[in-house]
Amino acid sequence: MEGKSRPLGLLGSSLNKYVLVKVKWNREYRGKLDGYDQHMNLVIKEAEEIIDNKSNGILPVAVIRGDVVVYISPSEV
Amino acid sequence: MEGKSRPLGLLGSSLNKYVLVKVKWNREYRGKLDGYDQHMNLVIKEAEEIIDNKSNGILPVAVIRGDVVVYISPSEV
Amino acid sequence: MEGKSRPLGLLGSSLNKYVLVKVKWNREYRGKLDGYDQHMNLVIKEAEEIIDNKSNGILPVAVIRGDVVVYISPSEV
Amino acid sequence: MEGKSRPLGLLGSSLNKYVLVKVKWNREYRGKLDGYDQHMNLVIKEAEEIIDNKSNGILPVAVIRGDVVVYISPSEV
Amino acid sequence: MEGKSRPLGLLGSSLNKYVLVKVKWNREYRGKLDGYDQHMNLVIKEAEEIIDNKSNGILPVAVIRGDVVVYISPSEV
Amino acid sequence: MEGKSRPLGLLGSSLNKYVLVKVKWNREYRGKLDGYDQHMNLVIKEAEEIIDNKSNGILPVAVIRGDVVVYISPSEV
Amino acid sequence: MEGKSRPLGLLGSSLNKYVLVKVKWNREYRGKLDGYDQHMNLVIKEAEEIIDNKSNGILPVAVIRGDVVVYISPSEV
């Protein structure tokens, strides 16, 4: 009804895969998707923080609030 | 009652078609609509990212949060 | 109780009429109202996009998110 | 309990009266209140748009989203 | 449980008293609290509008949306 | 389950104690916590307003909207 | 279903551990997670406030509103 892949469904099939998480303020996080909830809050492991296209180091794990997310893109479909 | 095409209904009939997704901050995404939900979260395949009218590459697939969307325009009606 | 014309009621009687949709960031859309929902998400056909008072072309159809709308003004009452 | 005049009650007694609607971004609308709902979405008839204290013309009728409203002031109490 | 005076309770005991309503964008309103609701929408009578510390005149009555309020301070406790 | 002290529980045990309330726009309020609700709306007594690190006077009592709060820090734990 | 570690679950397993809380406006707080709720409101003990990468002192305890949080990263996984 709502397309082959619903938004949360795509997150489900991206678990344990590498994702690019674009957030507001020209920031992004790249790492392995380890969990999520219906608000699009995300758990990202080995999350590389990239600010204005420069790496700012790696967080072992981070809970990113869905409210700041612009898009989530898994590297493999 | 609420018009021939309700907003979510138009998204439904745009599945598998190419859409232009205008988001905040002068960004847009062009690609195939592969899914959506009632919050207007979208799944876009082969999504070309365009920032300030310049292409910034193509994402194989992206979940765009409805909260950042300004409008969605399917290329064919 | 809540006036002769409630906000959503006025949208209902504006279906298939031309409307001006003012959104945030000095943008507006002019076209035929083809649908809406209770969040004031709108379906506009033949939507001329006007940015800073200059036409930016016409979208065959667009779903505009209610969240970005400032006001909606039908050209005929 | 919540005062002689509750906010929505004051809107009810202002129907068909002239109101000043102050919205965000230094804009205001002056016209006759023709309807409203519980979200403070408003229907204003013969709405004069005033931007930075200068008149920008009159809209025959406009649905103003409650979300952009700062205050509503009826000219007669 | 939640303190001697809960937020809405303090508004209740401030009815018909003069209050200072600080809103966003360096604006404030001073007048008599005539009503309120659970969203902190307020009815203020004889509301003096103060912008950047300068008086901008008096509104006979105004419904101020709770969403723009920073704080409400009754002049007498 | 959710930690020794849940957020609202900490507010409960801070009643009648002095708190620092940091809000958006580089403002803070220091005073006695006299009440709160589940939206983190707060009642602060003898609230000193501090803007850009300078005191701007004392409000006998103020209802601060939870929506503008960044953090609340009781001076004694 | 929603990943090995759901966002709130990760917070649960981070109780009494040191976390980095990144909030909006280039601010962060580092301290021990002492509690949280479903809105991601957090209780942080011995919270060092860091503004634009400079320490601004330590708060004995602070309730940080979930609404301002960008991400939470426990230092140990």
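Letters A, B, C, D, E, F and G mark the chains as written, and numbering starts fresh at 1 in each.
Methods note: a residue touches a chain if its C-beta (ideal position, glycine included) is under 8 Å from a C-beta of that chain, and two chains touch if they have at least 3 such contacts.
Please read these numbers as outputs of a predicted model, since none were measured by experiment.
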| query | From chain B, what is the lowest number of touch steps before chain D is reached? | reply | 2
| task | Could you put a whole-Å number on the gap between the CA centroids of chain F and chain G? | result | 19
| remark: So, in whole Å, the Cα centroid of chain B is separated from that of chain E by 42
| note | Flagged in chain D as touching 2+ other chains are 67
| task | Quick one: what's the order of chains around the ring if we set off from chain D and go to chain E first? | result | D, E, F, G, A, B, C
| Complex contact set, residues of chain G against chain A | 1-11, 20, 40, 66-67, 69-77
| request: Using the touch definition up top, name the residues of chain D that touch chain C in the complex. | output: 12, 15, 23, 29, 33-37, 41-43, 45, 47, 59-65, 67-68
